[in-house]
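One structure coming up, written as structure tokens, with questions to follow.
A, B, C and D are the chain letters, set down in written order, and residue numbers restart from 1 in every chain.
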Amino acid sequence: MTAGLQVRGLNKAFGGLVVARDISLDLSPGDRKALIGPNGAGKSTFTNLITGILAPTSGSIQLDGRDIGSLSEAQRVKAGIAKTFQITTLFHSLTVRDNLRLPLLERRGLTARPFRRAAGDGGVEDEVESLLQQFRLTDVGDRVVQRLAYGQQRLVEMAMTLALRPRILILDEPAAGVPSSESPLIAEAIAGLPQDLAVLIIEHDMALVFKVAARIIVLVAGAILTEGTPAEIAADPRVRDLYLGAGHG
Amino acid sequence: MRSLVPFVVMLVVAVAAFYLFPYNLAFLTRVVITMILVLSLDLILGVAGVSTLGQAAMYGSGAYAAGLFAIHVWHDPLAGLAVGAAAGAVVAFVSGLFLTRAHGLTLLMLTIAVTEVLQEIANKFSAITGGTDGLGGIRMGRVLGIWKFDFVGRTGYIYAVCVLFVVVVVLKIVIGSPFGLALRGIGDSPARMRAIGTPVTRRLIAAYTLSGAVAGLAGAMAAQSTALVSLGVYDFQLSAEAMIMLILGGTGRLWGALIGTAVFMTVHQVASSVDPFNWLFVIGLLVLAVVYAVPRGLLGLPDEVKRLLRRLK
Amino acid sequence: MTKPTMGPALAAAVALVLAGTAGADTIKVGVVAPFSGPFAMYGKQFKDAIDVYVAEHGTKAGDHEVQFIYKDTGGPNPDTAKSVTQELLVKDGVNYLAGYTFTPNALAVAPLVDQAQVPTVIFNAATSIITTKSPYFVRTSFTTPQVAGPLADWAIAQGIKTVVTSVTDYGPGIDAEKGFVKEFEAKGGKIVDSIRMPIATSDFSPFMQRIKAAAPNALFTFIPAGPPAFAFVKSYSDNGLSAAGVQFLGTGDLDEETTLQGLGDAALGIHTSFPYSVAHESAMNTQFKADLAKVDPGAVANFASVGAYDGTEALYRMIAAGGTDGDAGLKAVLGASWESPRGPVSIDPKTHHITENMYIRVVAKDDKGQLINKEIETIKDVPDLGLVSK
Amino acid sequence: MTTLASILLDGVAYGMILFMISVGLTVTMGLMRVVNLAHGGFAMLGGAFTHWAMMSAGLPFPLAALAALIAVVILSVPMERVFYRPIYKMGELPQVLATIGITFLMIASVNYAMGSSLLSIPLPKVMSGAVDLGFRTLPTHRLYVLGAGVLVIVGLFVLIERTRFGIRLRAAVDHPGTAACLGIDTGRIFSLTFALGAGLAALGGILGAELLPIDAYYPLRYMILFLTVVAVGGMGSVAGSFVAALALGILDTAARYLFPEVGTIFFYLAMIVMLGLRPQGLLGRA
């Protein structure tokens, strides 16, 4: 048995339009990989295939040697694959603490209990506090999420996803829309993620990618163009032409 | 504890009303019963974010169940309430199986359709329900075998206030529970709840059933206090007015349901006695004022005023 | 200065109320009716009729000053009807009650009326059983069987042998159907088909086609006034039933005068039976209409007006005889008879219901081109057939 | 066989009336995404103005109807500005509430000005009476409605699919931001569309008055009926509400012919089944 996520020969086509072409990828515990590519390269299609929102045309996805291709989105969450969302899907009218409590309670299967106090049930409070600390959110713990700064909302997003205790974490543009002044916060938070977690970052902010990723995969037109260390990628002329040279990032 | 203050205020207001308006107890009792109905709507609409115009389906079923139970089985008021709540819960559970999968206009129409079907059934089986004439001949026994329903309506009022108090306490606990938190999460973002692995539809059916039980309870109280159940308990107007009262007061926090009901019914009562032919102008303007001026309801009024004052400074 | 406490204030309030009831010799009458909503017409008709009666007879009944207090129910709403009645009894201390447009509203207050022993005059609600629910109920309107039965007799006399009944599928409609069928079959008529039409019907063509196919001599219908009656009558005329020789018979609810003009020419020639037509020819009715025009210019009289007008007559008789003693008042009105704008009426001491003439009317145009219910035959002194037959 | 033909004939005629009075709602509610419970109010105003123009001003029916139509369209412009514009961006709940409030004000106004009794609209000779179809007769009025319905659906199709206005409208609805960037005055487009919806409502109110007569409480009485047609047809689909109106008309008529005793239950059960199978409506966008 191999620990982690193994993707082999993944293809996805909408009619004649091929959006994923023979993608293979490994994510092992402790990995810090980034997926980059120009707009329309198929990055979000790829994550949707992994999390189960889309079904592949062919290819296999295995978690710890077990095929998870037939599992639903919610089942894959329980199996250990989690993805941060677009910011609009936070619980905006709830406090930061409640936002963290919900996934923690759900992980323990307690959200059907009607007569306990949510704050304090199931021994989740310690975990709430340590997540708040980890993401430096303790001071704003009782604030309603929609009143937070954008960068902090992204941190809540990450903390919530981490609360599900995934083994595979997919960060979908964690710095999107975050003003550059708050960007170091995000990098710091990623650096502080548990060591044994397998992390895949999808991001436009190249400074961030080069800071946090150990390996970078370049996706173009639904297929992997190349994979390598940040230094290798930075030196690759094809990447310069196709991506960096085009002025993105 | 600060969180106990609203409960104390509620009791003080209830007692004060009893002594200040000793001759309006019948009206006050109707206000209290309507409050229970609006509370049931707050749970499903205010907390879980399910827009429904069909709360009358459960209210009416609770009323008929309690009425029939009192006539044919036992005239004990509390047992009647339990039967009414059960009837409301059953109707909500069964209809919830398909309602909780719909959204938007489709959901609104389905909730209306369920209510209309029930009303038509009650009309059809007039041998049992009394049809258009109403289900009469309900005679209630003493509350707990001790207090008789009196002519002035003192017992009826105190009884209703006690039930209201219990309902508020129970709903407060439920909203503060993991289940309640999950409902608030669903109200904010059902997609995210699914993403963290919550069986959203199952939670919604549970919430709708609980809401139905409370609405059925309100219907049962109405049946007991009027001693007659008419087809009007299934009126669309009832569901629509409950929604107006809830939004007027402010959603999601229970107290809004109480304040909205009290204000709406008082305005309705005063406006329709001052000028019955044109009171609809007053209600229409009131509704529009809420939507445009205080979208978060009367509960949000202090915040709005604060913001306004801050801007003036 | 000390703060006033709640106790004395309350005591003062109670004293004030008690003074109102027991002090001056003013008898209070609570009138419960819809003054708002889609049925507000009833409240208005009631109030106009009471105003006419007071204008004609003064504010005193015998030695007693009479005061009316109006309360709104907003429609068929027993919860409200009961709570406002309770308020009238407890807060205003009324000695008599009146009004009540809808059956459930009347039934809901029966236990209260019983307990308080307050005579209550029903101005409208038309289900037979109401007056059996409390000995303090007296009714001055009509019941549905009381209207439908005589129409069946008349139909037989006209040589009508086959009828299709087509009524709205709810309490009053079914009462009317039963009342008509019973009388019609007893006299040898034949019911070819019976249709119960859903309450929310807008398009009546299917029923008209079915009736046309059955080819009876006449159709009998009960349908509520307003939009349903309008669409039904239109459909009768548009589908050519009249040309096919199917006569239209109905209870007078459907072409009562406040909605009659709205029915338009499609209604010409239909036959209905009812206790009151505004076109009734008598000095008293002419006077009534003239006085109504003085009280409320532009108002149109109808069955609700005379129900309330005669109800006020009953109230005045009771108050004059009994004053605050409701039982004595009640005794005075049972068996009493008087001349009404609709013709001679009396109160049946057994059923507490009004005995009155039924008129068969045909819709025609008067010399100003307005539609009227022209009386063509009178069936005298009809009691409540719904109760008598039970 | 005759019964079947009758069901189809009466069903289509009734369905056409349903289509005429709800197509305006499809326009405001479907295209503009506003839950508009006040639709019946505009239909009522159309009917009430026609009644007034015929009875008090003595205009003949076609002129009165035209005048009423124009009056409603003109009235709808300031109403859209004042009442509707603020609620476009709100959730469906405030929209429900606001439009109920507007409905109340419309009812109160007509009740105040014209009373609560029926406001009749007598049809001219050419439109009343019946046409003989051989095996049975059909009210002439239905033929006019049939014709008007076909004109409306063809007109709307051309307007939305084939004109510049239609292209702009679809752009403004689907991508308001982009449309604004392209220099499309979305505010004006919405005003015009709303006026179109109100005008269609008025037309439907006037033409449908034979079956759904006009009075002050009209908007509340038939609110559920209008909403049903739009919900079953699918938000935003003119063709959908056409199909839904005919389907509901035929179903309802069939029930009245075959088993009237089941009453309105059948209509609502049919609606529950249809919406259960296709929550987005027959031809609605998912």
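Please note the rule applied: a residue touches a chain if its C-beta (ideal position, glycine included) is under 8 Å from a C-beta of that chain, and two chains touch if they have at least 3 such contacts.
What you see is a predicted model; the values in this text were computed from it and never measured.
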Every chain in contact with both subunit A and subunit C is listed here as B
Per CA centroids, the chain at the heart of the structure shown is B
Subunit B and subunit C have mean C-alpha positions lying a whole-number Å distance apart equal to 34
Rounded to the nearest Å, the gap separating the Cα centres of subunit B and subunit D is 32
In whole angstrom, the CA-centroid distance of subunit A from subunit D equals 48
Distance in whole angstrom between the CA centres of subunit A and subunit B is 43
In subunit B, the residues touching two or more other chains are 120, 123-124, 277, 280
The positions of subunit C in contact with two or more other chains are 40, 169, 198-199
Listed by label, touching pairs are A-B, B-C, B-D, C-D
Within their complex, subunit D touches subunit B through residues 29, 35, 83, 86-87, 90, 92-94, 96-98, 100-105, 107-109, 111-112, 220, 224, 227-228, 230-231, 235, 263-265, 268-269, 271-272, 275-276, 279-281
Within their complex, subunit B touches subunit D through residues 45, 51, 53, 98, 101-106, 108-110, 112-114, 116-117, 120-121, 123-124, 236-237, 240, 243-244, 247, 277-278, 280-281, 283-288, 290-292, 295
Within the complex, subunit B is touched by subunit C residues 6, 10, 14, 17, 35-36, 40, 43-44, 71-72, 74-80, 82-84, 86-87, 89-91, 103-104, 107-108, 110-112, 115-116, 127, 129, 133, 169-172, 174, 198-199
Per the touch rule, the subunit B residues reaching subunit C in their complex are 19-20, 22-27, 29-30, 120, 123-124, 126, 131-134, 136, 151-153, 222, 225-232, 272-273, 276-277, 279-280
Listed in rising order, the residues of subunit A that touch subunit B in the complex are 73-74, 77-78, 83, 85, 88-94, 98, 101-103, 105-107, 110-119, 121-122, 160, 164
